[in-house]
Amino acid sequence: MLNTLIVGASGYAGVELATYLNRHPHMTITALAVSAQSPDAGKLLSDLHPQLKGVVDLPLQPLSDPAEFADKVDVVFLATAHEVSHDLAPAFLAAGCVVFDLSGAFRVNDADFYTQYYGFTHQHQAWLDKAVYGLAEWQRDGIKEAQLIAVPGCYPTAAQLSLKPLIEAGLLNDAQWPVINATSGVSGAGRKATMNNSFCEVSLHAYGIFHHRHHPEIVAHLGTPVIFTPHLGSFPRGILATTTCRLKPGVTQDDVAAAFKAAYDDKPLVRLYEKGMPALKSVVGLPFCDIGFAVQGEHIIVVAVEDNLLKGASSQAVQCLNIRFGFPETESLI
Amino acid sequence: MLNTLIVGASGYAGVELATYLNRHPHMTITALAVSAQSPDAGKLLSDLHPQLKGVVDLPLQPLSDPAEFADKVDVVFLATAHEVSHDLAPAFLAAGCVVFDLSGAFRVNDADFYTQYYGFTHQHQAWLDKAVYGLAEWQRDGIKEAQLIAVPGCYPTAAQLSLKPLIEAGLLNDAQWPVINATSGVSGAGRKATMNNSFCEVSLHAYGIFHHRHHPEIVAHLGTPVIFTPHLGSFPRGILATTTCRLKPGVTQDDVAAAFKAAYDDKPLVRLYEKGMPALKSVVGLPFCDIGFAVQGEHIIVVAVEDNLLKGASSQAVQCLNIRFGFPETESLI
Amino acid sequence: MLNTLIVGASGYAGVELATYLNRHPHMTITALAVSAQSPDAGKLLSDLHPQLKGVVDLPLQPLSDPAEFADKVDVVFLATAHEVSHDLAPAFLAAGCVVFDLSGAFRVNDADFYTQYYGFTHQHQAWLDKAVYGLAEWQRDGIKEAQLIAVPGCYPTAAQLSLKPLIEAGLLNDAQWPVINATSGVSGAGRKATMNNSFCEVSLHAYGIFHHRHHPEIVAHLGTPVIFTPHLGSFPRGILATTTCRLKPGVTQDDVAAAFKAAYDDKPLVRLYEKGMPALKSVVGLPFCDIGFAVQGEHIIVVAVEDNLLKGASSQAVQCLNIRFGFPETESLI
Amino acid sequence: MLNTLIVGASGYAGVELATYLNRHPHMTITALAVSAQSPDAGKLLSDLHPQLKGVVDLPLQPLSDPAEFADKVDVVFLATAHEVSHDLAPAFLAAGCVVFDLSGAFRVNDADFYTQYYGFTHQHQAWLDKAVYGLAEWQRDGIKEAQLIAVPGCYPTAAQLSLKPLIEAGLLNDAQWPVINATSGVSGAGRKATMNNSFCEVSLHAYGIFHHRHHPEIVAHLGTPVIFTPHLGSFPRGILATTTCRLKPGVTQDDVAAAFKAAYDDKPLVRLYEKGMPALKSVVGLPFCDIGFAVQGEHIIVVAVEDNLLKGASSQAVQCLNIRFGFPETESLI
């Protein structure tokens, strides 16, 4: 049994982590923690999220010094803000813990990226160099050896799972940038009270056009420019991403199908659709990314759906855990 | 043309008032105002509520001294918090304005009511004595003469329109209290950022059981005890109230039908259903209260639906305005 | 391992049964079946419900003769229409199968009940006599011995779990009937294309007033008259039931709390709230019924929430299975 | 006063037409009609759509022979299926009526278009030649003279209002096709009972990829190829269209702003956003199309929102009526 700590357990991703890890046969939840300043410190997780009453009734302990927890646990999940993850991870890593960070703090191995897109100066280049990006289907080998796994963002997971098979197979026409239109549920904005999240104010709209922080994350890991336009939908959970690309002349539907099959045929948490397109409800509450595509002439449209809190955050983190420690990849997820 | 001021115009009820008054042939919106401390002061109403872009683009003026506005207007609508209405109304009234107050500040002619249920000491007993309760279908005569009209709360409107015909006709069995179960949309909580209103947190639940402030308002005006249980539903607008009562022995379905017909046959904004029960969508965005009922043995169930922001607030205020000034009762409402 | 057949597997309750039984360590899904006339016969369950792709990909076999399946299975779940269950169950029972029927066909041990409320003549009085009503928290002993378990309806589960502790403890005032107001999600109407279920037509409303078939089921099992008013809400899943009762003079909040505690303290799938009231989202997707209550004077209000497809149907069926065969009561449910 | 007939009045677009025309000062609704085979024939419009109770209580007359109505009316609105409009329009036109057709039957002046995309052989080339496409902001002059106005589809309205200013100003780079991603509410599928429209089945998904009938309509009227990907969203009304294009080298944000301003500055029902992007709720229930855009490097993203039943159907039809008869363009719409 591995002892584990979840930091930021009171948020939506934290709740999902607690649910998965509570039923994982090789994991013990040693402690749940929140910022020492949080009004939730001291409460039970199930007071904030009554769906967990009788399931996970552990208290949310205030975390001020990582050392108080680091000796007692083997594994740490950070479901915290970027700056918080940046500050906390090194202490847990130095103590020998394996760290799964769900924030953006270690996703791109270039410190300038944080200055430019996250507004803080990254202090831990050595850990940036060692961090492995936890896009599970594409980084299995790296994850197995890593001490610090930077779990991808929700949009980047959907976008990269859609595009990587085409890029790796060399099928895309460089003359034109892929256009990624994605719509996310409101939980992607986290658990907080803002006018933007207020029930009567939420309405389908595009936001962060040309400037969303997930854009450079996608570009950095795909190694190709894209146009990424996120939208907020009036539903709590899920992401649907529709990606439109131009293929190289002569590329056929069969070439595309072969590329997707080669990429995902042995990947249990990506489900390819041979016909039809996936709908959001097929993945809400589930750890899958479902992908469909259609080709006409030189154009291809790829549609991917996932639960932003699961394959876009918590279940992918547990998937990375399973890979890292040699458990079955879908353990406790399905 | 009557000049009018809307105070608290940035809230959901304020927006509806502005929309109605903007198209009213006898009204001019002279000014929109918000609290001088509001972060919205100085913005255009249509910046906050873009649905009004090109329709009502007036600025939200900061209101610190009512005297700045009182001389310029004939009519004032207060879509403000209870304490704010309490403080502002007397100055406008003293200047001769006719005031329609959408808050609870003048709804019950007993100052103790405010100490007990609203947590403030009422300073204006003289105005409490003069205020007319704006339950339009039942107070036409009073409204015609009033200078201060206290527009009823959203739940009390639905509850009283359901029960008054039965009570006035003497059909209810006093041995048993009417049971009012009502479900309201989230806009009833006002335009603000709270965890309770946060999109992912909203979920059907009962609240304020035995203690909601609309309970004593209902009891005071019906003159009979009731059990009132409000619920929050996961939809933006509307109220559905289901009221269960015991009839006096011998009262028939026909007696009940006659009582409702007598009460509402000539009332254009209450629509009786001869068969079937009204659904919420039949009134959302509309100024009606729709009412259906069913009798079996000694029991009756009455179902009423209304838009909480309209018949439960703004359209009823304009309906009162129309009655007060002798305009057609549905002017600019339908 | 017990071999099991799910009849009516293509419906919403069937899908949930398949999901639970697929992960149950003591159960094998031997076959899924639908009516031989169904257009879904021959399809994969995961073609109709892609969330099960890669999880339960079994075909939906056409069932015309129960004998084709009865020899191969130990346990049968009937997630079928009332008449279909009525016709199929005896053949499976005669073959020695244990049958869990989710329809209303065997819920009340009085054949007249079916003539009056279901519109068909019941042919199997002997099985009506032997059937045990599967209200799991209240029928543990009976379920352990039964061959035919009639799983309660969704509304009756919420209503009875709310009222039985009060009735059993003798706390209710007989002079007044309990008033049950309940709101259900649209999945309660089953998986079919009707105008009533059509997305743009669904809107909160009351229906079946004084005449819903769950009313006599509740009355029969509680042994007391009630007023039951169901509502349809514009959400897919879940039931919230608010029950208002009059207590005997002198009954206190503590008496009520003691009654609920005595009833449910050792029941893992009913969660009592010591303070506050449960919200629907706390149980959607989960096998719990959550219950809160408040007392004032002689009145009590009880609020219960459950997932209509789970505790109101499929998870309660599996809970009954667990009780029947001596598995842990929550096996595969939490 | 012009006498008018609405055919297909029982559908969602028909209801909106009835609402607008009922309050139009220059129009009289002479009759509402539905197909003689419709189960709704003989009912009141307000029986089917109770929101109109007391507002428009006219009966839905069965229409078998257009001649029964043609002599009594000046104006006909066809809110009917494509084939029905195709069959009915010529008779009304021959009788001298002005016809506003909301179907696709006369939108493209090439009979082959109907064979290929609508699956029927168009019989009325002469009327195809005379029909004017009712994209109101771009066809004012033609509409003023027309006897047959083919009101555009919902998606084509949003797509063309987004793209025409850029195309007309010659700003787009021909090397790359515009990519239009649009999401529509469920009412776009019409008022009918299908599994696809069933409440619990509706979920965000892409459909009709590369093959939606609105694609060739857009291409025909823009005169340029596009990629159009429609999605169904889980909300009743509204369309949001996000269009991504490549600009010619050297085209600036100012050039784009000037093109949009030139196109829409004097158009009351298109609202340009100088900053920010429009949200769906700003237009639901309203006759506007709201448009925002952003430029970065050679790429532009345009976001347009409209109510699919209003600017995408009924309010645009009434806007065309207003233009055709010289009424103020927004008469009865705002």
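Chains: A, B, C and D, in written order; residue numbering restarts at 1 for each.
As a convention for this text, a contact is a pair of C-beta atoms (placed from the backbone, for glycine too) under 8 Å apart; a residue touches a chain by one contact, two chains touch by 3 or more.
All values reported here derive from a predicted model rather than from experimental measurement.
Under the contact definition, subunit B and subunit D share the contacting chains A, C. Superposition on CA atoms relates subunit A and subunit D by a rotation of 180 degrees, given as a multiple of 5.
The interface holding more C-beta pairs in contact, when A-B is weighed against B-C, is B-C. Same interface as C-D, judged by over half of the contact pairs sharing residue numbers, among the pairs A-D, A-B or B-D: A-B. In this assembly, the chain whose C-alpha centre lies farthest from subunit C is D.
The geometric centre of subunit B is 40 Å away from that of subunit C, both derived from CA atoms.
In terms of their C-alpha centroids, the spacing between subunit A and subunit C amounts to 37 Å. The distance from the centre of subunit A to the centre of subunit B, with each centre set as the mean of the Cα atoms, comes to 46 Å. Touching two or more other chains at once are residues 234, 278-279, 281-282 of subunit B.
Contacts from subunit C toward subunit B in the complex involve residues 175-177, 179, 181, 183, 203-207, 209-210, 227, 229, 231, 233-235, 238, 240, 242, 244, 246, 277-282, 294, 296, 299, 301, 303, 305. Note for the complex: subunit B touches subunit D at residues 23, 50-51, 53-55, 268, 271, 273, 278-279, 281-283, 285-286, 288, 290, 334. Of all the residues in subunit A, the ones that touch subunit B in their complex are 12, 186-187, 191-195, 197-202, 234, 236-237.
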